[in-house]
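Naming follows writing order (A, B, C, D and E), and every chain is counted from residue 1.
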Amino acid sequence: MNAIIVSALLGVVMMFSGIISKNKSVHSVVAAAGLLVLLLANLLDSYGVFVLNIDTHDLFHFEQFGLYFNSIAIVATLVYVLLCGKTIENTGVNVAEYYALIFFVLCGVSILSSFNGLLMLFLGIEIMSIPLYILTGADKRNLKSNEASLKYFLMGSFTTGIMLMGITLIYGATGSFTLGLSQTLDSGGLTPKTSFLQIAGLLLLFVSMCFKVSAAPFHFWTPDVYDGAPGVFTSFMATIVKAAGFIAFIRLFENNTVILGPTWHLLLSFVIVATLLIGNITAVFQQSVKRMLAYSSIAQAGFMLFALYAANDLAKEGILLYAAAYSLATIGIFAVLIKMKDYTFDGFNGLAKTQPVLALTTAVCLLSLAGIPLTAGFFAKYYMLAAVVKAGGALWLVIVAVLFAAVSVYYYFRVIQAMYFKEGEAETVEITTGFKTGLLLLAALIILIGIFPTLVLNWFYF
Amino acid sequence: MSKLVYLVPLFPLLGFLVNGLGRKSMSKTLISIVGSGSILASFVVSLLIFFDVKANGGTVVTLFNFIDAASFKIAFAFQVDQLSSLFLLIITGIGFLIHLYSSAYMHDEEPQHFARYFAYLNLFVFSMLLLVLGANYVIMFIGWEGVGLCSYLLIGFWFKNNNYNYAARKAFVMNRIGDLGFLLAVFWLLMKLGTADYGSVFANVSKLSSFDITAITMLLFVGAMGKSAQIPLYTWLPDAMAGPTPVSALIHAATMVTAGIYMIARSNILYTLAPATQTLVAVIGLATAIFAATIALKQNDIKKVLAYSTVSQLGYMFLGLGVGAYTGAVFHVMTHAFFKALLFLGAGSVIHAMHHEQDIRKMGGLKKYLPITHITFLLACLAIAGIPPFSGFFSKDEILTAAFGKNPLYYFIGVGGALMTAFYMFRLYTLTFLGQFRGTHEQEHHLHESPWQMTLPLIVLAVLSVVGGFVGIPEVFAEHAHSLEHFLAPIFAESTKLAEQHHLAASQEYLMMGGTTVAIIIVIVLAVNSYKKYKATETETTGAAKLLENKWYIDELYDAVIVNPLHAFAGFCKNIIEKSGIDGVVNGVGKLVGYGSRQMRLLQSGQVGNYILIMVLAMVVFFLIWFNDATILRFFSKIV
Amino acid sequence: MSTTEILFFFLSALAIFSAIMVLVSKNPVHSVLWLIAVFFAISGHYILLNAQFLAIVNLIVYAGAIMVLFLFVIMLMNLNAETEPQKHIWMKLAGVISGGCFLLMLISLVRQTVELGGRKAMMAEGNIGLIKNLGKSLFSDFVIPFEISSVLFLSAMVGAVVIGKKE
Amino acid sequence: MIPVSLILIPLITGLAAFFIKESKLAKAWALLSAVITLGVAALGIFFLPAKDLAFDAAWLPDLGSRFTLMTDGMGKMLVLLTTVSFPIIFAATYHNEYKRSGSFYGLMLLSQAGLLGVFLAADALVFYFFWELALIPVYFLCSLWGGEKRIAVTFKFFIYTFIGSLLMLVGILFLYFQNPEHSFALQSFYHIKLSASQEGYIFWLFFVAFAIKMPIFPFHTWQPDAYEQSPTAVTMIMSGIMVKMGIFAVIRWLLPVFPNASVHFANVIIVLSIVGMLYASLIAIRQDDIKRMIAYSSIAHIGLMCTAIFAHNKTGMEGVMIQMFNHGVNVIGLWILADVIEQQLGTRKFSELGGLAQKAPVMAILLVVMAFANIALPLTNAFVGEFLMFNGLFQYNIWMAAVAGVSVILAAIYTLNMVQKILYGNTVPLTEQAKEISGNVQWMLVILVVVVIVLGVYPQPMINLTKDTVDAILVKR
Amino acid sequence: MPIQYYIYLCLTLFSIGIIGVLTRRNAIIVFMCVELMLNAVNLLLVAFSKMHHGAALVTDKASTVGIDGQLFVFFIMVVAAAEVSVGLAIIVMMYRNTHSVDINFLNRLKN
């Protein structure tokens, strides 16, 4: 609860700071401070200390899983703000508002991490999405940005409609907005066979969630939006928001998979394979690194869906680790990317000579995304695969996944090759030492997690 | 004394090391002293060992455990007995003479190549000694391949000339083919008996099924074919003449090429128990003897003639082995070593005098320039032709007699070969020494007898080839005159027990000897007369002669049937299968991904409408997937 | 056939008809007006279901505020039948077919959901739709979503401002 | 503690090396580190009791993986090979200049750490980690300092091997969840009971990974290109040591864990390997490039080792054990010579060389010795290995052995072809100015030659060193 | 009134909305169709809430079962309003730059 309240308040605070100070960098500082506060509040939450104690009427269900994800999201956002703050300030005039919106998104994230019942799911997703439509269009003069935001908005609202229909059908079948089929089974009235209405509802929900986490074939918005949106906000969208989507996805379906039975796994494996295929294969021949990362984020989504497929403890730990690893790495890459003059692969040629530090950290992040051992990304993928293998069966799916992982190496390493092995003068905007140190710390963190993933996960078991 | 047997190979090894490492710093004299001295030393030791053995039988000296594997043990052990000690004498004795000879013959080489030469030569002697001393087939194989290596190195000694290098490579590879057979035989023994020691193998020979024995002996014989240049693996030996002449004398006449005979004689029991193989050996030997002889008839390179004669003589030895006359074979090895070495050295001395002219058509009338060489050469020719009482007569006669006992046909063909031998040897002799000189003028001007280091070995060997035969006087002349047979008796005891003895009537033997001798003399006279007045003519030979001059086109045949196809197939693998086939598949996967990528990008049309349309369709599909239990279809059918 | 049923069918027919008109009418303004008609029909349904509060809200918020907003925008851009872009006929067909499939799909499922057999939507009576009851539970059980929706509005507001504000 | 230090020394020194700017210092540093590692290894292997060669510490408790290191005979032997090879490689290539040599030697040492880790690991996850850690530095080394086609070639090599290792990872995971003890420990893997079908496909998951690494026909196509393109020092590591990873892994992780499958598929694999041997030998005959020729000949040799492994008898296994070491030594020697020639004359083409024996007799002698070691001439180390391996294969199946034996002949052909084309014949303009090899290289080669001869004459110590492994592995069946 | 009727009605409206989204190019109309979908959902929710309410009344006269459905509708309206404000703002921004509301012109971003 703390996270929700505090982040909402902080949104307001940011607006005030926008009124009070015209100095942009102040806003960044305030935001960073606010995030620290938010983190603190969230941590207190897990120790049972509440900002204000309200009866949530069972609309929320706070558990370590959700709270822990909050902290990950908040830390990631903090890293994001520290690394990309400068760029945000240069994106437009309404810096404070951007931060405010980011905080509102965080509010939505923290709702999604603890919602209990479809109502809060709906509200959470909307709170998360609406600011994103704005942020996508933040670069008002840029037609691509406009186009992206309009596309995002149209498809997003359409999906909202689908989702609501799903919720409604479930409500019709069960008479409640609470999660899970468990209640519906023992509450009589229904035949032991789960009702078609409900299945239909769940399917529609599933579809809309697939859209939010950009799983094929509902991924189409992702490349265009990520490509069109200003780099800074793409980075935010692609990491924290997406991870939150997955958390919601899992919390929504973890109890239902059993009842949904084998067909569910069939459907899911279909989605997973499609996602991996489209994400990985399409990424191979992209010219712009930004767009490549968009597709790679689809590919990563394919991997994260394994958590849904397995739906066991390992999967839940794994998705947290994945969220952390993936977010950190992606934020790192985007932080470098938005400093580049040229977003194409050739733009990175020879970066290792001009900016060794940037090249190194980018390389680490890419290795992490590719899932090379000794980086956080490896254990993220490892957990996913392990979870599925543990769940039994579907070894073929795992093998398919690793083959696609090998494909992903191809396009991630294209960047490394450009930076290290190709000749060229990669041009960047001026780089502060602070930024470099930040990146180095990030890389160090990634490697640390890569060697001792339990550092992150042991938190999870207190 | 036999305990010191390790000294025998040790000296040459040391000589090899000293000459090899010190080749920059040492003077030629020093080098030759080290080289020859080491061999002399081991010759002395061998002599002592020989008499020791003669006095009180053989023994096995184990140095250390070479391989102690799970399923078998292989000791680095030396077999000291009659057979090996005899070979020790031949190898070290003739080896020493040839070293001595070389020190003069190779004197034009600059010091470090001179040293290299002696190093190789010592290394060869070392490996040859290992070969004969080894107490099991593995050690023998070590020597077996070692001599192959040295022959490779020495054939290609003048490595600037690429033809020589090819000859060297050919020799090594052909030997390798044989060696593979040898190796497989050893594996077979190890698999069946778990040991390769002569002692235990021959003791447990009863444990082997007759099929095993036949297979093993066949495989061993393949090895012998390679090493001892028998059909079909003989073609390397004539080419091997590319090496320095003393090398040809030592390696390709006296010692290495007889390794096959040694090996079969060593494992005589196995062969006696494998009649099938024995027949094969006899037939191959006989065939080689005749075949090589025919080729020798028409060769014009002095060394080539000798080479083919060597092949042919080796054939006789195998014939002997094939018909169970093991002693005879060994005997012929010994005598052949004498006179063939002598012939080569004589040839060497001629070539030396003629400034590396080897074509006998450009020689002639050297009698008066090279008296010693001439005499010794003549003696050698008589010996090889088998004129009594020269050594060749006894050994060859023994083999032929045994062959007759086995199958008269062998005998008559063998005699035919002997006649050819006589013919081409005296053709060679006549063209070289008789008539008048056909070489260039300044060659004639420079003609001179060789220095003592070269003539001394000639003389010694000449003596040996004259008297060498007396160690094996046939029984018909005198009881127990065949001292060699008695000496070697323990080695072949088992076989002689098994093989049925057929003694010819003395009269018949006399008849055969007399007959052959007369025939041979006639042939000799014929040869001398027909070539005394020889004039070098440029007329292109035709018909059979051409066929023989070109060695029955066997090399060409091999090239066409084996070498070229292999080469072509290798190229096919390299250029087609590898590039387009396997690697093609690998790269094809990559290309496929690329293609798929380009296609899938089109899916991302940029049109919101299409996106949403696909989403809706996907939803429909999902429903269909989910309610695949015909729920929906049932409904649709209801509507219709 | 009771009046309720008659009303129900009338309103349903009206709603569907005007919904279709929204699609087919070339002039955006007409579409808006037809949509308003749909909303009125739906409000009628609310009243039939005795959900008076929602009926009113629907009229005020949707038919009133939102549609007017739409109207303004359209006027502002002065879009009309001429400027109205038309999709290619095949695209339209594809849209209609896939939409139709979707509909058939769901209907088929509904028809086969046995447990809905004999379930009725309570018409005219039942007081949960009354402002009093709704208000009670809105400000007791559902106060948190209520507050959160205020956050939602706030963010929407900020967003609209950020987007709309001239730089 | 010894094994940990074996991994840590190169790791730390390697990381440190990145910060060394001037190349002289970097070289010295790398050499020093390698020598120290060698010292530690020798100490551990020859002087300390076995218990000091094991290490165990908690790493990922909740994943059931512990940082466990152990050494059996095979491990010792390969650790020895690695630690011996690196100083020799460094010393032999001491005069080669690399741009940013600090990073070069850093990566080299990192790969050494990875290799040692692979040979020491007794925990599947740790094993996988080091498996990759050994690969990645090599990838960078090749791509940064390699030939002109380096990027594409090494990338192919990387993805190829990466696919393999990922499949292996899947296999490891599967085994882990089949494992009643819920641990990645090697020992516990040995007790896993799998159904025949499971064993079947998991076996292949592992084998493909190892087959790509070895490489076994038809997974070999990355190798010649990679060897050709990468800097020779790296090639030495790849062909001298890295290929042994594959064989090592098969022996330690495949045979004991899948006893039935490895017997069941033995024929397939042996036939595959034999085809590979002959195929590679044939291609080697037609090669005109020293590096490619050595690459193909090494494919042939590896194929032989693979056949001997799957012959499933002690003789063959002993052969494989010592041959792993011998092949490493020989091939490194050949690479050094290839490097010398390339450094001096700037070409690797036979057709452009010739007559070097006149100009550089010492080099000629060394090359000849190495060449004859390569064709397993008796009294060179390789003979013992091949003798035992063929023997094992022969015991398994006479005909297979006979066919495989043909490769011995082919080996003679292509090796002598190389020797002749490079050393013999008359000098060509290019080789006119050829010089004798420099002292340090010469000495390194002499050391190798001595090893070659000594192990050829007295191989018993090697056999004894690895006896325990042989017994342990084959006792499982 | 049997609940199926409401379901059919709402599904029909909903599908009409979808079809509208698929067939029109004018961003505003598309958006309006989305609104139509939402309204269909609203009506269905109310119908369901009344259905459950009715079922509950049989056992308990004072039950408020089904009220959450109607409140959900309320929240949907709220969200819809918010979306509309943002959506129209975006559309207007788009129009400012391109002087068009045709979604087919949104094709700078593709592949």
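Basically, contacts are C-beta pairs under 8 Å (C-beta built on N, C-alpha and C of every residue); 3 or more make two chains touch, one makes a residue touch a chain.
As the structure is a computational prediction, the values presented were derived from the model and not from experiment.
Peer 1: According to the touch definition, list the chains common to the neighbour sets of subunit D and subunit E.
Peer 2: For subunit D paired with subunit E, the chains in contact with each are A, B, in label order.
Peer 1: Taking each chain's centre as the mean of its CA atoms, which one is most distant from subunit C?
Peer 2: Of all the other chains, the one whose centre lies farthest from subunit C is B.
Peer 1: What is the identifier of the chain with the smallest separation between its Cα mean and the overall Cα mean?
Peer 2: So the chain sitting closest to the middle is D.
Peer 1: Of all chain pairs, which one counts the most C-beta contacts?
Peer 2: Top-ranked chain pair by contacting C-beta pairs: C-E.
Peer 1: When the C-alpha atoms of subunit A and subunit E are each averaged to a single point, how far apart are the two points in Å?
Peer 2: Result: the chain centres lie 27 Å from each other.
Peer 1: Could you put a whole-Å number on the gap between the CA centroids of subunit B and subunit D?
Peer 2: Those two chain centres are 36 Å apart.
Peer 1: Measure off the straight-line distance from the CA centroid of subunit B to the CA centroid of subunit E, and report it in whole Å.
Peer 2: The mean C-alpha positions of subunit B and subunit E differ by 97 Å.
Peer 1: Averaging over Cα atoms per chain, report the distance between subunit A and subunit D in Å.
Peer 2: 43
Peer 1: What residues in subunit B touch two or more of the other chains?
Peer 2: Subunit B, residues with two or more chain partners: 601, 604, 606, 608-609, 612-613, 616, 619, 623, 627, 631.
Peer 1: Can you list the subunit E residues in contact with two or more other chains?
Peer 2: Residues 3, 7, 14, 17-18, 21-22, 25, 30-31, 48-49, 51, 55, 65-66, 68, 75, 79, 82-83, 86, 90-91, 93, 103-104, 106, 108-110.
Peer 1: When you check subunit C against every other chain, which residues touch at least two of them?
Peer 2: Only 87, 91, 94-95, 98-99, 102, 106-107, 109-112, 116, 141-142, 145, 149, 152, 155-156, 159, 163 qualify.
Peer 1: Which of the chains are touching one another, listed as pairs?
Peer 2: The set of touching chain pairs is A-B, A-C, A-D, A-E, B-C, B-D, B-E, C-E.
Peer 1: Touching residues of subunit B toward subunit E in the complex: what are they?
Peer 2: 601-602, 604-609, 612-613, 616
Peer 1: Of all residues in subunit A, which touch subunit C in the complex?
Peer 2: 4, 8, 11-12, 15, 54, 56-57, 59-60, 92-94, 97-98, 100-101, 104, 107, 111, 119-120, 123, 126-127, 130-131, 133-134, 137-138, 140-141, 172-173, 189-191, 195-197, 199-200
Peer 1: Name, in rising order, each residue of subunit A that touches subunit D in their complex.
Peer 2: My answer: residues 367, 372-374, 382, 385-386, 389-390, 392, 395, 398-399, 402-403, 405-406, 409-410, 413, 417, 420-422, 452-454, 457-458, 461.
Peer 1: With touch defined as at the start, can you tell me which subunit C residues reach subunit A in the complex?
Peer 2: Against subunit A, the touching part of subunit C is residues 106, 109-110, 112-116, 140-142, 144-145, 148-149, 151-152, 154-156, 158-159, 161-163, 165, 167.
Peer 1: Enumerate the contact residues on subunit C facing subunit B in the complex.
Peer 2: My answer: residues 87, 91, 94-95, 98-99, 101-102, 104-105, 107-109, 111-112.
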